[in-house]
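Dropping the structure in here first, questions after.
Naming follows writing order (A, B, C and D), and every chain is counted from residue 1.
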Amino acid sequence: MKEETALCAAIEGYFRNEAPAGVRKAVEAAGKDHALSEGYPYDAALKGKPYREANEALQIEIVKMQAWARRAGARVAILFEGRDAAGKGGAIRRFSRNLNPRGARIVALPKPSDAEAGQWYFQRYAAHLPGPGEIAFFDRSWYNRGVVEHVFGFCGPAERERFFRQVPGFEAMLVEDGIILVKLWLTIGRAEQMRRFLDRARDPLRRWKLSPIDVASLEKWDAYSAAIGETLARSHTALAPWTVLRADDKRRARIEAMRVALNRIDYEGRDLKAVGAPDPALSGPPDRMPLAQE
Amino acid sequence: MKEETALCAAIEGYFRNEAPAGVRKAVEAAGKDHALSEGYPYDAALKGKPYREANEALQIEIVKMQAWARRAGARVAILFEGRDAAGKGGAIRRFSRNLNPRGARIVALPKPSDAEAGQWYFQRYAAHLPGPGEIAFFDRSWYNRGVVEHVFGFCGPAERERFFRQVPGFEAMLVEDGIILVKLWLTIGRAEQMRRFLDRARDPLRRWKLSPIDVASLEKWDAYSAAIGETLARSHTALAPWTVLRADDKRRARIEAMRVALNRIDYEGRDLKAVGAPDPALSGPPDRMPLAQE
Amino acid sequence: MKEETALCAAIEGYFRNEAPAGVRKAVEAAGKDHALSEGYPYDAALKGKPYREANEALQIEIVKMQAWARRAGARVAILFEGRDAAGKGGAIRRFSRNLNPRGARIVALPKPSDAEAGQWYFQRYAAHLPGPGEIAFFDRSWYNRGVVEHVFGFCGPAERERFFRQVPGFEAMLVEDGIILVKLWLTIGRAEQMRRFLDRARDPLRRWKLSPIDVASLEKWDAYSAAIGETLARSHTALAPWTVLRADDKRRARIEAMRVALNRIDYEGRDLKAVGAPDPALSGPPDRMPLAQE
Amino acid sequence: MKEETALCAAIEGYFRNEAPAGVRKAVEAAGKDHALSEGYPYDAALKGKPYREANEALQIEIVKMQAWARRAGARVAILFEGRDAAGKGGAIRRFSRNLNPRGARIVALPKPSDAEAGQWYFQRYAAHLPGPGEIAFFDRSWYNRGVVEHVFGFCGPAERERFFRQVPGFEAMLVEDGIILVKLWLTIGRAEQMRRFLDRARDPLRRWKLSPIDVASLEKWDAYSAAIGETLARSHTALAPWTVLRADDKRRARIEAMRVALNRIDYEGRDLKAVGAPDPALSGPPDRMPLAQE
């Protein structure tokens, strides 16, 4: 408990004393609303009603997709990546809400154990790839090496270089083997991240979820930005492309994540109208999307 | 898709032509509300507001519990068992809603593969026991052998006998080893189960989730009742007791499940007032609770 | 390499300066021969010719046994336990010499990783139990907790007590589940152990195999004896009995190990005459056999 | 037992009635000796004494190599491939003879289970890669797809193409990750293979080891030759080169396998004189070595 209190204090302190003035202002202006980042294509967050309607149609399609995957023995892996507080876990929760848990798994690996740290880097992830009929949601993934491990020095530059050299080949193998691999990068603005951290710090329910890494990452916004930019540039391939999603507005981001994924999975009976087309203002390839908005 | 349509038709057909008259009447009387089983201690389902209030207080405690488990290296396994449609998955979802996924896993194993079927029965479950700092929610568990495998003949009588001989020792080992083991049995009345199946059949979102086993189980209510009674009687031990929960009202059942579990886990900083005492009219040991209510 | 030299020196030093006089004398008297412990039932080690003859007949039976196991889907686990240098690895090598490796595994687990250390004690062993058609040879086993972990303080007294409480139940589960479990304890005299350590220290081929634990164990002969006595007494059960084997003469011990095991496995076509009866002077239950002979 | 008798009869029958005349003659001429294939660089098999001497020196180096691997956390994977009866298992046994089993594993996977068959092809192998300090000997490997799976139609042409496309990248990843990967292909002449099968068929000890695949493979010599040629050509890369070893003379092949491997592993204290240089007449890259000698 002590620990949490210290983390909360650190976040409040950072906000008051260290955060860039623009960030502070944007957070204050947002109040309880999302602080939509510069150039965010909508003025306000999606309202409850259109959100629920869009969600409902998508849920049916998701359930159909799983039914097909089970019948056809398809294997689906969906990676959710993004900065701390970008909304990865929440998006996965909504996506998997109606799935049969006997064929849908959330893979949220903790930091590698001693034994794992000495293995082939991809080995522990390989063990959790989906089998026939399974959908695996990765809440963070092997991309830890590209960003958080780099920013915090958990891996050295040689290891990171090797990761970048290997990752396209690794993913190509999975895709060629028939695994459907969807890679989603949730991106949020700096003010919105700040706001979410403050939210967590002030909410007894979520306060406990703050990690020392979250706090430390506040000051490392630019290091993160650089690491993310490089990671996306070096791992966006024809066989395993990234889709970057503007996630300042959580609801829109969740809807968009489902849309993007379902558009990529060619399941039997897919109703593209029900799924809806991805919104080019909200999602797209890395070179078209902002990655580090204040 | 064909398959689902057939399952839905089978459920509707069973309801109209085969279900006991009392069940049919109760379902019709309930309409969109829960069909509370005979002797259910409350007249009506819990309203949204008191549900949300109770839930909120419990969520904070759950999050504290996980924070403690991570600090202390505690291992927590919570088993959710019960008939089809009893609400196991939904209860787990609410319970784990705010947990850090990197230390909380849902274990929902599919039917054993060929290789697994030849192993020591408990082996594949043993591989998913919680490690230090982890909470594992079992959506069904090794108790499959006591009920569904028996009712459908997936195991023979000798295997089942052996299961009953072994399960108390197996669980005692885990508990003595320091694993906190909470075993929850969600029980619903026959009319409410019928109603939920019909709900699923009529809801495109949930229709796909119906399995042939669900449909077949409708006619096997009594075989299930017998198997459940025997299972609970033979596996309710001092070290690993069952708590049976009346789950006709989903909201009350979810709240009660959290209460029962948190009362069993002695985490640092536990606020027993916030947790609340289990309700003896809703939960208790097998010998005090109804298991097969029409 | 430095390390090995130090270990060798320690062994030589112990031999010259600390070993009980009786041990020293017996080692010197033995020279290159085995130092047969007090009461060993034969005057001299088995000669090469009778050894090869007995071995050949047994090898055929072992191969038949595996062929049966594969056909019948039988699961066989053979535990080899005993003090350092008792000959566990060598006995396993001869036993498995002609087996199809695709159905025969040697399980020689290293010391538990961090992650494993926090799990249910039996969990990492359970993962290596034989599946249908498989034979698993355990070179050391869960009995580490009874002896080496105790002698060196790698586990506390409470953990050890718990181990003793659990092990009969754990093994009973496996046996009732149909796993054929053979538990062999190889026992050697103190002089013969000393002689083997010296041999290793003087042989460049085997010098590298000496571990700090081996050296330290020299002085702990009595602590080992007590731990072994207690372990055998508390884990010798009707369902999973121990067979203690006098292993001063390696050849006799290897033959006897195969005989004891094959007498316990009722495979199709077993030729009991070819297998041969165990020699009551060489093997038997713990209460009939010496465990700590100088 | 019946089954074995039939396999033996099939082998004898093939030998008498179907084998090419040249093969038959060579087998008859060889008698109990190896039937050295055309162009084999030595007139006769290696005698016992020089074999033992070479072996002894190599064993010391192997043990030093493991000691280094454990200290340095090195990871070593040695693949043994080759036709049936080429001597893979025997070579591995001699190689690993003096190794500490707690850091040396033989990986001899059975045919994939249902669940494994549906996964990423390399997944089940990835799970057995060596960790820090470990040496893994693969008795057959992922190359099954290149040869036996192809010859017997266990995989389709598309799967095989994919395998060939993926294997260089897969191995490059391991090597770049720091795993020392040695790939040995043991090649024998057709007469010598025939002779070994007959030997097995006539030896009660080894008869049981004949598999239906062995028998069927006799007639498929040419299909094997083609599959092997293609496999080696397409998977011999700069990062993970093959060494082809003429294995008609088992002793020479075992010595050569150790030499080749130790020359590839740069362990501390390596005594290259003790190891000895590989013999260019016995081993070399695929393009320099015969692969299908009658």
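As a working rule, a residue touches a chain if its C-beta (ideal position, glycine included) is under 8 Å from a C-beta of that chain, and two chains touch if they have at least 3 such contacts.
Chain identities (UniProt): A, B, C, D = ADP/GDP-polyphosphate phosphotransferase.
Just so it is clear, the model here is predicted, and its values are computed rather than measured.
Peer 1: If each hop has to land on a touching chain, what is the smallest number of hops from chain A to chain C?
Peer 2: So the least number of steps between the two chains is 1.
Peer 1: Return the chain whose centre of C-alpha atoms lies at maximal distance from the corresponding centre of chain C.
Peer 2: Result for max centroid distance from chain C is chain A.
Peer 1: Nearest whole angstrom, what separates the Cα centre of chain A from the Cα centre of chain B?
Peer 2: 31
Peer 1: Report the inter-centroid distance (CA atoms only) between chain A and chain D in whole Å.
Peer 2: Roughly 45 Å separates the two chain centres.
Peer 1: For chain B versus chain D, what separation do you get between their C-alpha means, in angstrom?
Peer 2: 52
Peer 1: Of all the residues in chain A, which ones touch at least 2 other chains?
Peer 2: 115
Peer 1: Touch graph of the chains shown: is it line, ring, star, complete or other?
Peer 2: Shape = complete; every chain linked to every other.
Peer 1: Could you please specify the touching residues of chain D with respect to chain A in the complex?
Peer 2: 73, 75, 115, 118-123, 126-127, 129, 131-132, 162, 165-166, 169-170, 172-174, 176-177, 179
Peer 1: Within the complex, which stretch of chain C touches chain D?
Peer 2: On the chain C side, the touching residues are 1, 4, 56, 59-60, 63-64, 66-67, 89, 93, 97-98, 100-103, 106, 108-110, 139, 204-206, 208-209, 268-269.
Peer 1: Going by the contact rule at the top, pick out the chain D residues touching chain B in the complex.
Peer 2: Within the complex, chain D touches chain B at residues 113-115.
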